[in-house]
Amino acid sequence: MRNKWKLPQLPRRRKKVRRASAPGTAPGTITIDPEAQQPRIIVHAYSNERIENHEMPDLDAAHALVGQYPVVWINIDGLGDEVLLHRARDLFGLHPLAMEDVVNTFQRSKMEPYRNHIFLVVHLLEPTDPTSSEQVSLFLGPGYVLTFQEKPGDCFETVRQRLRRGGRIRTMGADYLAYALLDALVDHYFPILERFEDRLDALEDKAFGAQRPETLRQIQRVKQELLAIRRQVWPVREAVSGLLRDETGLIADETRIFLRDCEDHAVRVIDLLEHHRERGSQLMDLYLSSVSNQMNEIMKTLTIMATIFIPLSFIAGLYGMNFDPKASPWNMPELAWTWGYPFALGVMATVAAGLLVFFRRKGWLGGRRSRPADSPDSGESLDP
Amino acid sequence: MRNKWKLPQLPRRRKKVRRASAPGTAPGTITIDPEAQQPRIIVHAYSNERIENHEMPDLDAAHALVGQYPVVWINIDGLGDEVLLHRARDLFGLHPLAMEDVVNTFQRSKMEPYRNHIFLVVHLLEPTDPTSSEQVSLFLGPGYVLTFQEKPGDCFETVRQRLRRGGRIRTMGADYLAYALLDALVDHYFPILERFEDRLDALEDKAFGAQRPETLRQIQRVKQELLAIRRQVWPVREAVSGLLRDETGLIADETRIFLRDCEDHAVRVIDLLEHHRERGSQLMDLYLSSVSNQMNEIMKTLTIMATIFIPLSFIAGLYGMNFDPKASPWNMPELAWTWGYPFALGVMATVAAGLLVFFRRKGWLGGRRSRPADSPDSGESLDP
Amino acid sequence: MRNKWKLPQLPRRRKKVRRASAPGTAPGTITIDPEAQQPRIIVHAYSNERIENHEMPDLDAAHALVGQYPVVWINIDGLGDEVLLHRARDLFGLHPLAMEDVVNTFQRSKMEPYRNHIFLVVHLLEPTDPTSSEQVSLFLGPGYVLTFQEKPGDCFETVRQRLRRGGRIRTMGADYLAYALLDALVDHYFPILERFEDRLDALEDKAFGAQRPETLRQIQRVKQELLAIRRQVWPVREAVSGLLRDETGLIADETRIFLRDCEDHAVRVIDLLEHHRERGSQLMDLYLSSVSNQMNEIMKTLTIMATIFIPLSFIAGLYGMNFDPKASPWNMPELAWTWGYPFALGVMATVAAGLLVFFRRKGWLGGRRSRPADSPDSGESLDP
Amino acid sequence: MRNKWKLPQLPRRRKKVRRASAPGTAPGTITIDPEAQQPRIIVHAYSNERIENHEMPDLDAAHALVGQYPVVWINIDGLGDEVLLHRARDLFGLHPLAMEDVVNTFQRSKMEPYRNHIFLVVHLLEPTDPTSSEQVSLFLGPGYVLTFQEKPGDCFETVRQRLRRGGRIRTMGADYLAYALLDALVDHYFPILERFEDRLDALEDKAFGAQRPETLRQIQRVKQELLAIRRQVWPVREAVSGLLRDETGLIADETRIFLRDCEDHAVRVIDLLEHHRERGSQLMDLYLSSVSNQMNEIMKTLTIMATIFIPLSFIAGLYGMNFDPKASPWNMPELAWTWGYPFALGVMATVAAGLLVFFRRKGWLGGRRSRPADSPDSGESLDP
Amino acid sequence: MRNKWKLPQLPRRRKKVRRASAPGTAPGTITIDPEAQQPRIIVHAYSNERIENHEMPDLDAAHALVGQYPVVWINIDGLGDEVLLHRARDLFGLHPLAMEDVVNTFQRSKMEPYRNHIFLVVHLLEPTDPTSSEQVSLFLGPGYVLTFQEKPGDCFETVRQRLRRGGRIRTMGADYLAYALLDALVDHYFPILERFEDRLDALEDKAFGAQRPETLRQIQRVKQELLAIRRQVWPVREAVSGLLRDETGLIADETRIFLRDCEDHAVRVIDLLEHHRERGSQLMDLYLSSVSNQMNEIMKTLTIMATIFIPLSFIAGLYGMNFDPKASPWNMPELAWTWGYPFALGVMATVAAGLLVFFRRKGWLGGRRSRPADSPDSGESLDP
């Protein structure tokens, strides 16, 4: 027999941390996840005057563009081809440890300077399920930006449009392109967090309302999702700050002003997240005190009913005793009184009225009614 | 059928964060909010000797005053005119990122130094609804202060009076004017926070009083409002500190002493806010333990009534059984005793008295009465 | 009808923050509080050899002593005379912002170095009502200490005695005098905090005892008072540290060792305060779990009584039914049995005994009795 | 009679801290734990070309290899031989304090630089019982790594395979070997923490389900284990950071990049641990509010049953009174009415229906039923 | 009549803070506590070759040994002799503020460098009552260590033995002796904290067991004692760190390595303490949720009993009504049915069975029984 108390289960959580390589594996080993997708290579090579933008069959051709154009952006969607990854490492002189982090897609967001390139990891959240995320790895070297994504589909579409349209982005270097991509990554957290605002509003109404266990589950769920997002978002700020303070010489001073703006956005994302988390905790408190309020109300009702009728029932029971009035004049003479029954009813009414007065004095009756007399000086005078 | 448990809903919260531009938009893009007001330009240009103060039809005329007077303050109310904003950017050489933040009015308060000006953002709270705020953007450059507000109405009236009246403010530079405006912005938080003191006092009385769900809602509301204000106020301190420690050379040493005072005010605002927040949390605890206290009281009453009458009713029920005394001498001979009924009443009275003694020993009776005997050594001897 | 649940109200709190001047007032404006007292000027001027100590009618005469004696201490009780305050500013060259803080007596404790003097603010708590405080402002300049108090009566009496008696204090400079005054201010917090220890002890006994709502109120009160004191005390430490690390040259190295000692005292004050606050929180927990314990006990009693008597009453009710035994042999033949009544009583006794055994097995009976058997291995073996 | 409320006891915890030497013992004293195992010495000595790997009977022979090979790794399993430990100290010039920490196996993880070697302590957790741990002590000197373990069996097997297989590890120095061992130690925490994820998932389902005290115990247990692991893991990060920033010259710059990666892993371990701890706390809250929810439900049922039947029973009791209708026409004339009984039943039915309506209006009936009408706008619209 | 709810009181706490001198006393005043013991002077003077160790009648003779031996340790037990303390100050040139702290035995642990000596304060806890402590003051000067204790009996016995036995300690300077004493002081906290482990284990069993208010008191007590110890232990670490980083030149580099070890021990003491404190908080939670669990169980029992019997009793009461069947055929015809009584019993049995099924479906029955079926996949699969 099913226990109805058992709430519907949460969908099975995906493992948050998966290590492609066993503990103790040689560092820098590239171990391909068997489920990883086959890569597609898409190149944007541009100067202020012209732009080349097409898919390329292999990486060597893409690498050949570096130097021909001031900036070359090579984006690789899919991490399923070990040969290509090794080739990327060799062509661009990427550090093996950084390449290992590209395929082990459960890194924290971070920024790591190497001798001749900067390595950045940021996570892209699914808009529809913010607990699942995709890792975006970015290498910034002289004249090129190299990005790796787990699968097609990203938040860079507007950057691509700006590249095609031309404007400031076409006149600046690879560092500005890296900034533009990072900025798009930071900004994509905003709409995701804004959706939580609606969910929290809806749950707040529910928490004040009827106490259904689903509400508890949903609050819990929002809190868990925010906790998961928090793990992704906090390190992003550090990564942006690291880039802003970078000393490899790959970042121009002009770009730093833009990175400062990007850092400011990251701070606002965290700010918003923490605000939501605090609201989540308040919601939990609200729900629980709402439950406790209802409990109190129920107890009051029971008490009033029970306490009034218990003595009345006793009196009724008293006169239901079968003592034999004929055996003795002391045996329940009331039963034979002319006014015995009205007298008994009168006693009952008196007791009931006395208890009602007692409860009213206690303030246990009518506690839910609004008391207009004291509302003018209430604590809400500031509310519209 | 309406669920009466459902509390009156909170008024729909306005979205706290609204981004005028989509993620990935080119930085520095000025996107006008369609609801933004048309701008009005008001200029104060002054030296120690004389002061010009009038509304101006266009920004070029206002800009022409810079240099003619030691200090020119141009205040623009309303962000609805894209042309004017572009013109401001070009005339004063403002950085595009700063201009973008002027129109995206959901920035955190901040201070950002640029090459030839300092950019400040502070939020002005509505006195009647402190959860809604207006963004004030301030540019401090050599010889001018340029402020942007979302709509007319601000807290700068006293500064304008001081400018007209003359005095120290007229003898000092644009940095001192910026300080004076910032100081007015910081100080306007005080009366807003002081109103919370009254609300918290009123709620404290309510929390000790009857347990009405409205009280819970109001406490929750105050806490939420304080949380919202906190998001606005904390970064203000950082902004003031940033200005105090600024190294662009736009701030004179003499002004720094005044900025230190302004920072001190910001610290006091935060201090007061955190104090209110802590009181808010204490109130919540108070309310909940007040509810729990009343619950306890109700339970006591029920227990005392029920526990006393349950055995009495049982005895009454016992003698209400219909065993036939004629069928056997063992069948309820008490019913035919001469003193049967008084005996039964006596048993009942004894049981009731015994239970009352038991409860009194437990301390469950009279718990609410003041006990004058032990009050002299009470923990309150220090209270007046 | 008065709601008895309403606890006696807390005495109206005095406003904690009062600003003499409206937001936006010119900085450095001296606005006299209409309730401020008329000033009295008392001077101690001394060298190692001799000491002058008298009340002076005006400040100019007092100022004339500076230079004649190595150290002059001018103490002004009462802030009600605007002329005198302006005169003080001019005679000693005090900064207008500091003078404004002298009359706006709701500053945080702080230490501010100015060009030719150091400005200190510390709060003096009323021993009998530690939530109300008086602001002491202290200026340390070359050869003089100038103190402003809101009203007569302070904690400097021992310092005055040491000055009159002579000793080390007479051989050292104005910086040492400032240290001695600051030390007296820091030390005066100790007896105030020690009184809380007694109150917390008393409340601890109460919290373990009967659950009277007054106890809750008193705990809440102590917590609020400690919160209020905390706001005063924390910044004092910063002020002392600031003085210790001062770089104006007004503090001699020899005095710094004494200031280090004073800082150590300030740390101990904070230490004690935080200890009390932690105890206050523990008390709240204690009280609430005590209430919950009693609730539990009450519920147990009700359950035991009700659960035992409910089936017995049912049996009694059963045999109180009026089925007509004459209508059918199946209608309650027990009523006519010879042993019917004893049989019914026996069933009742069996049911009651069975339930008692059930409760005892559950451990719901006798939970409050001490069990000497297991106390030797109790968790208290270390306690005396 | 056993108290059934007593939950099954937790298995006796092993003492977490055991000091081999009494307080005040001379520092550097090597006190052998009588339960310590006899040591086995296993040596890996290698250059890029060749590798020697065998067990050695005594330490002197192992020490003789240092210098013959670029790197020599001497691993000693078992700390039971005082002579050998003294010999190790003398042969390698190890500091007595470090040697004392090797045998006192309850150190915090740490990194300590000495004149001619670096001393590292890290703890190895039992995969099957993460609350018990083994101390691994590591000395890194010029050309050698010396490790001490309490017993055979460790997480270095993959490192040994890489040594035998050759590759980068064989071409680099002793510092790289130390890094490889440390990396294996840090990585071995991942699978242990991942198992907690499963346990937390299982407990989450239970917490939403029936309220069995075992669930509480298990949640408590997970929290305690995580707390114990936390004590082990936090200092590991500091140790790695210390090594990364080491200034003894024993760490080559090339190795530092690898150590930075190792530090990153340590940060992720802590990140995961804290995430689990936060989930543990949420679980506790969930369990408790689940219990409180069920309590609420039970109370509702009782109230509804009791409140409906209490007045009905009273009415039944009323007409069970034995007032003698013959004694007076006022004595319960209803009993003799033709429609008396149906009238009484009707009154009862009316009362019961009225109360049911009252409860339904209160929302106390059907609170558990899903309400499909309002789910479309529920707070879960984002959930799959 | 005694209120049995009142728990046995905690033993009166000793005042934690006692100031020998009133606020404002001249700094450096030595005020003898009237209860202080008369001093005993015990000297250890040693070089590597020989050692003198005897009690001395006066301090001058002891001081004369300084210089004759490389290291002289003068230990003074008892602070009751003002003359001796003044003599100590003069002979060794101790700073008056330090001497004041020696007699005011309620200092925080600290390390203060003076011109020609270092002053250290550490607290020695009573092993049997860790809330009471003795202050140990230590002066380290060139060639001597001077210690003051409140009363005989300390944790230095092992140091004395090492001095007598000879070894490294005899070859090193006064700084090493100071280290050895400090190390003994830090290490003496370990056995005290280890005892708490046993108490916490015992309390954990109790918290899972029956809910006796004594358990609550004991948990509270352990938490308070840990809080008191915390106040003593935290500053010790700072003191040791201060000594380690000392710049007076009194600490040799060789000794610093040992001090680093001592600091490591202090960190472990704090680590252990915080671990215990966290366990104490968990215990409180455990106890409270255990209480709430039992409450739940009790409520269930009451509900089941009451809810089953309430309708049964109503039915019995129904047929106990005295409607006169002779007055009307509608008046309770059931009473005269042939199968009336069995029918009534059948209705009762049906109702009872229906309710039992309802409860079972709700999972309110059998919640406490172990369910072996689901334990294999329980969250404890990792536990032994």
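Should a chain be cited, it is by its letter among A, B, C, D and E, assigned in written order, with residues numbered from 1 in that chain.
As a working rule, contacts are C-beta pairs under 8 Å (C-beta built on N, C-alpha and C of every residue); 3 or more make two chains touch, one makes a residue touch a chain.
Keep in mind the model is a prediction, meaning the values are calculated, not measured.
A rotation of 145 degrees, rounded to a multiple of 5, brings the CA atoms of chain A into register with those of chain E. Residue numbering at the chain C/chain E interface overlaps only partly, since under half of the positions present are found in both copies.
Chain B and chain D have centres, each the mean of its CA atoms, that are 39 Å apart. Taking each chain's centre as the average of its CA atoms, chain A and chain B sit 24 Å apart. Residue positions 3-6, 210-211, 292, 294-295, 297, 299, 302, 306, 310, 313, 317, 320-322, 332, 362-363 of chain B each touch two or more of the other chains. Across the complex, chain D is touched by residues 155-159, 162, 167-169, 180, 183-184, 187-188, 190-191, 193-194, 197, 201, 204-205, 208-211, 257-258, 260-261, 264, 267-268, 271-272, 275, 278-279, 282, 285-286, 289-290, 292-296, 299-300, 302-303, 306-307, 310-311, 313-314, 317-318, 320-324, 327-328, 330-332, 362-364, 367-368, 370, 377-384 of chain E.
In the complex of the two chains, the chain A residues touching chain D come out as 3-7, 9-13, 15-17, 19, 22-28, 95, 97, 107-108, 110, 112, 114, 128-130, 195, 198-200, 202-203, 206, 210-214, 216-218, 220-224, 227, 231, 284, 287-288, 291-292, 294-295, 297-299, 301-302, 305-306, 309-310, 312-313, 316-317, 319-322, 325, 332, 334-342, 344.
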